[in-house]
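In order of appearance the chains are A, B and C, and numbering begins at 1 in each one.
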Amino acid sequence: MYQALFFLFAASAVGFAINLLIQRHPIHSALSLIGVMGSLASLYLMLGAEFLAVVQVIVYAGAVMVLFVFVIMLLNADKEEPSDRSKMAKYLGLPLLFLLLAMITVVIYRQFPEDAMVQFGDFPGQTAAIGRLLFRDFLLPFEVISILILIAIIGAIVLAKKEP
Amino acid sequence: MLSEYFSAVDFLLLKPAILLTIFGIGVMLTDLLLDERQKYFNAVTALVGIGFAAVQMLRIQSQMREAGVSEVEAFRGAIVLDGLGIFFIWLFLISTAITILISFRYLEIENEHHGEYYAILLFATVGMIFLAIGMDLITLFVGLELMVLSIYILAGFLRGDRRSNEAAMKYLLLGAFSSGILLYGMSLLYGMSNSTNLRVIGSALSQRPLGDPLVIMAVVTIAAGLFFKIGAVPFHQWLPDVYEGAPHSVAAFMSVGPKVAAFALLLRLFLVPLGELREQWEPLLIGVAVATMTLGNLAAISQSNIKRMLGYSAISHVGYILLGLVAGNETGLKGIVIYLLVYVFMNLGIFTVVVAMRRRDLVGDEINDMAGLMHKSPVMAILSLIFLLSLAGIPPTAGFLGKYFIFLSLLETGHYTLAVIAVLYVAVAIYYYFRIVVVMFMQPPADQELPSMSLGIRCALGVTAAMTLFMGLYPEPFIQLATGPVLAILR
Amino acid sequence: MPNYYIQSYIPILMLLAVVILLAVGMLVASYLLGQHRPTREKLTAYECGITPTGDARHRFSVKFYLVAMLFILFDVEVIFLYPWAVIFKELGIFGFVEMLLFLVIVLAGFAYLWKKGALDWTKADSGGL
């Protein structure tokens, strides 16, 4: 069941990513990116990284994607015309991709020869641990981040707001 | 509110930063209530805020003296206030205060006199303070981002000016990229030591075998990120462009406050966690320092825009300061500290002159715009001469003092070739600084408009010129001043 | 393997399955059951029933972008509330004050942008600001 779920979400992440690359229209690519992020969030969730999953959904799939879509609409981006692709990419692209995948596989099997797969939900309680670190040990950086957000707000308004 | 995670000492050490933050927010909000003619009130509030922070610093220092300690830890070692930190905080407060003094009239002329400017300056100072006293990777990085984010905005503050927009854009893109590289190096440090505390990282790194590829990778990425922030070759290309495009007063600020803060970060990272790895980063540092001096000095010769020229001259000064770190002995560190102190005053001084050159309908950043300054305003021309002599490093001005200690440390540690190269480039520097002098004193004025003076600019010129001369003529107290920071580094 | 963790997410998994099935089912059902007689009128974009005017592709105002940027910033602020809420009881009054300070500083930014009229859509709303 868990393995089936893993492969389901992993496959959908890869599928959306490939779709992102082959779509000609920027908006379609942006929508595929939301799919990638959603699938990734599910994978994080299955490992027990609830905080990461929530950040992935709320900040990335939510806010950052809104910004992406607005930029695409702001620039009025139209269909991409395929340019003259370089010959190098055409002939070397796929072999190099497989070489990279093979290398990653080899490294992983070298590092973890025994078949010790990470079990789903292996790291529960992450959110509370992050909270304890953030609000106790890293109390100072946490408070400074509020000034950082404040400056970003001022910056957005100073640089982007039209003077009446 | 006090608990085991937040003690009275923590609060005491944070007070200057807290005061600056409160005043920053205050300026930001009161600006909404002020009309066009009352904007000077923002500058006054910001100066008062810096005054409060300075008073608080004095009180912290006197309490430290009473308790007989030279170093206070807070937030379980995440921040450490030692001699070096105190020295840097004072430099930041001074450079921000002088920047506020020279900005006031300038922003009025540019028609962009908004309270946000002063609020952002104060927030940037908060970030710089954390760079000076941070002993923890996360605190340092948040402080760094606070500082650079502020400068991105300030660089683009003249929204109607395309050059300003371009400067902000360039600095934002390259700055974000370099922050990423620096963060990557920091993550490697964390990965090797399982701690974000610099001292713990230092002891963990000394356990690693010699020539460990992971360590080399961390040193190289951290060095690359830091070299970008201080503007050392080969990561310097942004600097002249940004200085040229940014508002004059912001270029003045960038050339001192954030630059000194980046040096504070560089000293902390290279001397605390990477201190044991000296033989690994010393060759790298020598190469970068020589390349930086060479490029900075040679490229400055052919500039016609004074802000660009000062940008290249700032690059060359970075090269000299790095040489002090190459020598690395007590004299070298003393040289770095004195050089930074002198550099803040002389560089702010010459930039104040540039700011005063901005008149109603004249941008005033070409060298030719200074033509005949001797006839128009003899005082300003003579003060500029002092600043330029000091930048070139000619006695009896303060600039000589900084260079003297750097050269001395190079000789003491046997880096004779480096010393010869550094002295040769001083000759080159004299050439391009004197081009400005010739234009000011020998050429007839190109226009009749007088430099724009204001109370703030007069004060700034007075303070910077007095310090530049005084430090050169009577250096003993300042050399004494440098021993505290140096002892803090050597401990 | 802590089973309770997986079990707590089973409802979400079921919801996901229902959503996908429903969406795909509706598309397939309408494709199989419906009649297909497309005309020019039927294929135009649906714009509240009236005849669409102009092209949908035109440049959007930079105002949207400003709102999106502000949205991200407040989104990032909200993310910090999540781990805080999880251990709220454990942190006690200390954590409460801590978050209050954080929020006050960010809310100062909110007051600023409100007063600046960054949230007003037209000039008329901003009261002549």
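Observations on the model:
Rule of thumb we're sticking to: contacts are C-beta pairs under 8 Å (C-beta built on N, C-alpha and C of every residue); 3 or more make two chains touch, one makes a residue touch a chain.
Predicted model, so just to flag it, every value in this text is computed and none were measured.
Distances between chain centres, each the mean of the C-alpha atoms, put B farthest from subunit A. Judged by contacting C-beta pairs, the busier of the interfaces A-B and A-C is A-C.
With centres taken as mean Cα positions, subunit C sits 42 Å from subunit B. Averaging C-alpha coordinates per chain places the centre of subunit A 36 Å away from that of subunit B.
Mean C-alpha positions place subunit A and subunit C at a centre distance of 18 Å. Each of the following residues of subunit C touches two or more other chains: 105, 108, 112, 116. Of all residues in subunit B, those touching 2 or more other chains are 5-6, 21, 25, 28, listed in ascending order.
Shared interface positions of subunit A, i.e. residues touching 2 or more other chains, are given as 136, 139, 145, 147, 150, 152, 154, 157. Chain contact summary for the complex, subunit A toward subunit B: residues 136-141, 144-145, 147-148, 150-152, 154-155, 157-159. Subunit B contributes residues 5-6, 10, 14, 21, 24-25, 28, 75-76, 78-79, 114, 116, 119-120, 123, 126-127, 130, 136, 138-139, 142-143, 145-146, 149-150, 152-153, 156-157, 159, 168 to its touches with subunit A in the complex. Across the interface of their complex, subunit C is touched by residues 2, 5, 45, 48, 51, 54-55, 58-59, 62-64, 66-67, 70-71, 73-76, 78, 119-122, 124, 127-128, 130-132, 134-136, 139, 142-143, 145-147, 149-150, 152-154, 156-157, 160-162, 164 of subunit A. If you check the complex, the residues on subunit B that touch subunit C are 1, 3, 5-6, 21, 25, 28-29, 32.
Interface of subunit C with subunit B (complex): residues 93-94, 97, 105, 108, 111-112, 115-116.
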